[in-house]
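By letter and in written order, the chains are A, B, C, D, E and F; residue numbering begins at 1 in each of them.
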Amino acid sequence: MKISARNVFPGTVTAIKAGSVNSEVSIEIAKGIVITAVVTKASAKHLKLKKGAKAFAVIKASSVLLATE
Amino acid sequence: MKISARNVFPGTVTAIKAGSVNSEVSIEIAKGIVITAVVTKASAKHLKLKKGAKAFAVIKASSVLLATE
Amino acid sequence: MKISARNVFPGTVTAIKAGSVNSEVSIEIAKGIVITAVVTKASAKHLKLKKGAKAFAVIKASSVLLATE
Amino acid sequence: MKISARNVFPGTVTAIKAGSVNSEVSIEIAKGIVITAVVTKASAKHLKLKKGAKAFAVIKASSVLLATE
Amino acid sequence: MKISARNVFPGTVTAIKAGSVNSEVSIEIAKGIVITAVVTKASAKHLKLKKGAKAFAVIKASSVLLATE
Amino acid sequence: MKISARNVFPGTVTAIKAGSVNSEVSIEIAKGIVITAVVTKASAKHLKLKKGAKAFAVIKASSVLLATE
């Protein structure tokens, strides 16, 4: 499957914290660069995400903000 | 300013493409890792973004999707 | 690729309107049910989207609002 | 009320799962087509959503991703 | 129509800037408080938005970031 | 830090409700105008948000919907 999102980064799950509806999942996409996602708990289960698993972080360009110092 | 977004990545602007309302801006946050953002043209101008400038990509955790192969 | 988005609907592209940065793409996912997306022009090109092509509309659950009459 | 969102689909609530802050709500908008939303628990209560109730799924075009096989 | 978005602010359109796909619309919701939206050009036309028109800014709680100094 | 978001409103936290993964935070940005955000619980803690604290609501223009009566 090819996706329209401009930002697709392969990585490894480093942490999962499950709530009642959502789960917070962290993925290391490069040494020291960790992306944190909040997805539904059902999705995290469906993707069989667990610490050490390979996964992609997917981010639509219109969801990215920019900042300067 | 500290921001609630869980994902804040410093980098360098590598490309800007301006449309009439929006601009597409690419930021390299690590060797080979480029994040693309679409922000309003007015924002890109306000932040004085240009090729080579330092900037941060800011992404709220709830905007990140996950995928597996 | 399996994605965390809870809403993934297969359909057929019925219209594309390209701007300078973004493109507006409509996909019919069932008789009379059309989903309209705005993605970057580069993404639409990358996915080779054109009228009549098969494609999926992908929507994260946290992006959906609800309403009642 | 008319809304700018390009995607407004009437349907029937088929499931609600309440967490502490958010609720996950599923709406069937056509036979076999179910859209899942995550909204605040307070919103779900305010709209009096419950299984069998009529409701609309509302999605801004810029929140929709596209994919191809 | 009642909507799940927690943030619904009535105001007056103070500016519209149309691009090829999107339009940027500013709404003053209180003296000196202006909210800027980017919606599709088709939506802005459909809602008959123009300078001086009454309109609501609608924002889902999960789309709001927070910051401190 | 300057941010690309077009909507940055200073205010005072009026309520916080913590869940297991997310927290719901309300900020009064003008007399009678309250913006509600859902951010991760970790973010709310990181920003030391509490009733009475000063904070900014930050909203990207592409996340704002418009409506008319």
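Just so we're on the same page, a contact is a pair of C-beta atoms (placed from the backbone, for glycine too) under 8 Å apart; a residue touches a chain by one contact, two chains touch by 3 or more.
Bear in mind the structure is a predicted one, so any value in this text is a computation, not a measurement.
> Which of these, C-D, C-E or A-B, gives back the B-C interface, meaning over half of its contact pairs coincide by residue number?
From the options C-D, C-E or A-B, the copy of B-C is C-E.
> Fit chain A to chain E on CA atoms, both being copies of the same sequence, and give the resulting rotation angle in degrees, nearest 5.
Between chain A and chain E the superposing rotation measures out at 180 degrees.
> Counting in whole Å, what is the centre-to-centre distance of chain B and chain E, each centre being its mean C-alpha position?
23
> What is the distance, in whole Å, between the centres of chain B and chain D, each centre taken as the mean of its C-alpha atoms?
29
> What whole-number Å value describes the gap between the mean CA coordinates of chain A and chain C?
21
> Multi-chain contacts only, two chains or more: what residues does chain E have there?
If we look for residues of chain E contacting two or more partner chains, we find 1-6, 19-22, 24, 36-40, 42-44, 47, 56, 58, 60-63, 65-69.
> What are the touching chain pairs in this one?
Chains touch in the following pairs: A-B, A-C, A-D, A-F, B-C, B-E, B-F, C-D, C-E, D-E, D-F, E-F.
> Provide the residue numbers of chain B that touch chain E in the complex, in ascending order.
Contacts found on chain B: 1-5, 19-22, 40, 42, 58, 60, 62.
> Any idea which chain C residues touch chain E in the complex?
Listed in rising order, the residues of chain C that touch chain E are 17-24, 36, 38, 62-63, 65-69.
> Could you please specify the touching residues of chain E with respect to chain F in the complex?
Touching chain F: residues 3, 5-9, 24-25, 27, 29-30, 33, 35-39, 43-44, 47-49, 53-69 of chain E.
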